[in-house]
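In order of appearance the chains are A, B, C, D, E and F, and numbering begins at 1 in each one.
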Amino acid sequence: MSEFFAMGGYGFYVWCSMGAVAVLMILEPVLLSIKHRQLIKNIKRQNRRQASRENTASQTEKS
Amino acid sequence: MLKSFLAVLKRDLLLAMRRRSDIFTVLFFFIIVVSIFPLGVGFEKAMLQQIAPGIIWVAALLASTLALERIFANDFADGTLEQMLLTPQPLGVLVFAKILAHWLLTGLPLVLIAPLAALQYHLDFSTTLTMMSVLLIGTPVLSMVGAIGAALTLGLRGGGVLISLLVLPLYIPVLVYGAGAVAASMQGGISLQPYYLLLSAFLLLALVFAPWATAASLRISVE
Amino acid sequence: MLKSFLAVLKRDLLLAMRRRSDIFTVLFFFIIVVSIFPLGVGFEKAMLQQIAPGIIWVAALLASTLALERIFANDFADGTLEQMLLTPQPLGVLVFAKILAHWLLTGLPLVLIAPLAALQYHLDFSTTLTMMSVLLIGTPVLSMVGAIGAALTLGLRGGGVLISLLVLPLYIPVLVYGAGAVAASMQGGISLQPYYLLLSAFLLLALVFAPWATAASLRISVE
Amino acid sequence: MTLSVQKLQCSRGDLTVFQGLSFTLNAGQLLWVEGRNGSGKTTLLRTVCGLFLADEGNIEWKGELTKRTPDEYYRQLLYIGHQNALKLDLTPLENLQLLCRLAGQPLTEVQIEDALLKMGLAGYEDVPVRQMSQGQQRRVALSRLLLTDAALWVLDEPFVALDVAAVELLQSILVTHVENEGMVMLTTHQAVPLPAEKMQRISLDQYA
Amino acid sequence: MTLSVQKLQCSRGDLTVFQGLSFTLNAGQLLWVEGRNGSGKTTLLRTVCGLFLADEGNIEWKGELTKRTPDEYYRQLLYIGHQNALKLDLTPLENLQLLCRLAGQPLTEVQIEDALLKMGLAGYEDVPVRQMSQGQQRRVALSRLLLTDAALWVLDEPFVALDVAAVELLQSILVTHVENEGMVMLTTHQAVPLPAEKMQRISLDQYA
Amino acid sequence: MTINWFKYSSPASFYPLAGKLIPVFMVLAIVLTLGGLYWGFFQTPDVLSDQKQYYRIIFVHIASAWMAMWLYVVMVFWAVLGLIFNTRLSYMFACATAVTGAIMTALSLWTGAFWGQTSWGTWWDWDPRMTTQLILLFLYMGYIALHSAIDDNRRADRASAVLAMVGLAIVPVIYYSINCPDPNACASLHQESSMERIETNIFIAIMTTVAGFWMYCFAVILMRTRNIILQRERKSSWVARLEALK
């Protein structure tokens, strides 16, 4: 096992490359989905505000 | 059409004449950049000769990009550009006049001052001549390509540096063959013709496409 | 007084955060300038190593001057600068805050990115460290001295190039000792202490005089 | 000669500034665009000039889409916006000469001097525009109205920075133009003394 | 509290813009500076603020030369010029916060929101100023009048770009300030409804 | 039966479609990439003797280097499509592609540098291919910088589209100029791709990893496009309705 990770003495280089690739390629989709969730939360909040505003407007109209 | 072309050209030259310092600024920038390098890299003659073509060309590139920032910025800020968009002439022609004026005011002086720089780096006479002639073909390409960048970044914060960022990578072919020609001429025994042909081809292509692309970019930016 | 200092500092950092691209623009300008030189001068390893300190320092100088153009220009154009002149605080303090913000946004990133440039020029590890530390002492001096130039050229046409013209000659001492320290460290066996001492002395002098001189220049320019 | 705008909709970023805007402007009429701050007056004028791209709708000049035959349209159009379009380093004379040449209408010095005189700028012909006050610069820009033969004038807040005498002068210039079968489209918070049949008003507050 | 100006003379380039100008402005008074375009109104206001250097004459605040004790003077002074002094990339809230902090008067968000609301900018608190129209930007700048505790306001054409509603609002703000023993010095081509004893007029045309 | 392509050119109908496609591409990406790497790491021991184990960097290096180049073309394609047909969606694609492209370029430089250090003993050399890759990174950065420097989305889209187009027109010239800085010597220039002399196992591993990277890029670009859509169209009614469904 440790022989495998040593990569014949080049372990540092091989794993630095692979590591960078792994980190970036995992980080990118993760960040994107976090952003996506944030956006959806914002839109929901915006919808809620809109709805409550419309509610109060229609109530004042009635009264 | 020719009349508007001439009118714009004349106006830009006139404006430059009103503030003659502008022209000298670019020139001095070029000279200063060329002159401070030896202070950083040392004064060894052989080494200076070797790096001279590269340094002089990069300095020309930088001077040209920096000067570019102004090519449309003033017209944009004071509303003249809007008026140019609202004329019954094709915008490309007016833009070409502006680019030409810009080259006459910043590119051409660089070509003429280049021998001074060559002197500082101990280049011989024939190399200096080569240097001047490739600069003469190369700098208009820089102005043309740069104008597109200037049009795209119109009115943005940090315009100056941003233009350089966009445009410097696009200058690379001119840099490589421009500096290459000078280096070849320094070595001697190599035919310079291919260099001249390539640079002229770049110039032709730029002449055909750049004014048009610049005009399109201006329309986008003014909106 | 401290409050206004912090307010100005915070505002400038906030503005930069609003347009994060601004910071990267300067960085990339630096990297691009450093990277296009070899295209002009050739790729020989020994030669690249020899010219590296000079090239990297000159690129830092240029990036720093270019970024300077913006330090007061926006405040001037939109009238904020007038308001800063009309406050009951000493102008020098506000100016110092602006310069500090400017260095944090343009100088410090240069220091941090310098190892990449060193890599491209095949510098070894200890030389790279020296490079970073002299840049760390030197770039604030550049910002300070440059601010005076920026204040003097405020609102003039051709600001960008004009500043470089005024300021680049003033940068020469920093360039000479900065590049000298790196070259010395590359050779090995030479004490670097005098270089550090001199650069620190420049920094101290700049800290004492520059904000004050900049404030005075601003008052003149706004009139 | 008619300018007709149909179902115009413009937006800035996310915001739809106005929509469903239609009007027809005939020769000998003035269109006064009104509206609150931020109601889209500037946006409308720029769109009509083709400087801003509408989301939807047509703008026709003499029955032709302006996008289709811009040269024809621009020959008849004069736009003066917030900005004066003057080069600060040139004199009024040089500035006006260039602007007229660009509009395809070369003029002699005498004509331009005459216009400057009428605008109350006698003695300033050879002073760089940079050395003039706000109002004087605006006057130089407005001198173009006396020089142009364009039929359609599009003016964004032309009265700004003018003193009382200049405001009256400008008003009379506008009235004369309209009476000579010209067309004007303008925004302003200042009244223009014109009879109702020569003046249309449009309030952008209704099209938000 | 008095601002008194004696024998002021200013020149721009070769031209002497005005000379021998003297006036005294007391608490609870408004000074309306009139004059043709180019008569030197802007120059006068900037000189009073210390942004422009006079050739001759004294400017005194509470009997002290303003040059001598600028900090004292600037604590009481609010100047709004042609330019709005707003950062286009920041929101109105951030802009006003900074301007107040600079003037040595930190304010809470609530106070600023309140001022923006009064200026008719509700809903624009978090929009970058860049995305506002001319008039809206001017309103943001003028919100400072509602927030400041400075006694002396110096305003250069404050009514420019404002619509009718905003003009009325600004007029009422000025009147209130004057009635609260404040001082205003302004140039405008718009009348300000104030009784004669509270208003001084000065015409620069006489001092050329 | 013909498919109505234009139907999917509107963000409203594209958004849910993309939502369905993303998991598919993601799974494919994971399977192919890991499969390729598995093949490369465990099925090639006979080829890679102990001294040359660093050779394994090639799998990710080539994949990222290829993606870097292809994505630029893809980006310009969408940008040009946007300029021609003025469709909002294609601009959004272009914009989304740029970031992933830049990341891929950075990865190829990074892995290349580590490779260089092992095989040539230098982190960086001015080899034409490496230099071109660096310049490609600059071009991506220019595109991104320009786009983010402009506030107005419409202007940002169109301006950066023009830039990308000009860039693509000049890239071949740049590549050529770096590849043969001396035009006199260019006739003899013959850059052979080492792909032809390659061992089959390694070839399979490379190709599978490359396919995996393609799938990954599809997935990520779709994700980013969806984010951009939400960001730009947050005020429009279909977005509001979309969330009501959830």
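One rule holds in what follows: a residue touches a chain if its C-beta (ideal position, glycine included) is under 8 Å from a C-beta of that chain, and two chains touch if they have at least 3 such contacts.
If you want to know which protein each chain is, UniProt gives these names: A = Heme exporter protein D; B, C = Heme exporter protein B; D, E = Heme ABC transporter ATP-binding protein CcmA; F = Heme exporter protein C.
This one's a predicted model, so the numbers in the text were calculated from it and none came from an experiment.
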List every chain that touches both subunit B and subunit F.
-> C, D
Shared touch partners for subunit B + subunit C come out as F
By the contact definition above, name the pair with the higher C-beta contact count: B-D or C-F.
-> B-D
Which chain has its C-alpha centre farthest away from the C-alpha centre of subunit F?
-> E
Centre-of-Cα separation between subunit E and subunit B, whole angstrom = 46
So how far apart, in whole Å, are subunit D and subunit F when each is placed at the average of its C-alpha atoms?
-> 49
Averaging C-alpha coordinates per chain, one finds the centres of subunit E and subunit F separated by a number of Å equal to 56
The positions of subunit C in contact with two or more other chains are 19, 21-22, 25, 28, 32, 38-39, 74, 157
Which residues belonging to subunit E are in contact with no fewer than two other chains?
-> 82, 89, 128, 131
Residues of subunit F that touch two or more other chains sit at 135, 138, 141, 145, 149, 151-152, 154, 178, 181, 234
Which chain pairs here would you call touching?
-> A-F, B-C, B-D, B-F, C-E, C-F, D-E, D-F, E-F
The residues of subunit E that touch subunit D in their complex are 12-13, 35-42, 82, 120, 131-136, 138-139, 157, 160-167, 189
Within their complex, subunit D touches subunit B through residues 49-53, 70-72, 74-75, 77, 79, 81-90, 94, 98-99, 101-104, 106, 128
Residues of subunit F that touch subunit D when the two form their complex = 151-154, 232, 234-235
Of all residues in subunit F, which touch subunit A in the complex?
-> 26, 37, 41, 49-54, 56-57, 60-61, 64, 100, 103, 106-107, 110-111, 114-115, 117-118, 216, 219-220, 223-224, 226-227, 230-231, 234, 239-240, 243-244
Mind listing the subunit F positions that touch subunit E in their complex?
-> 151
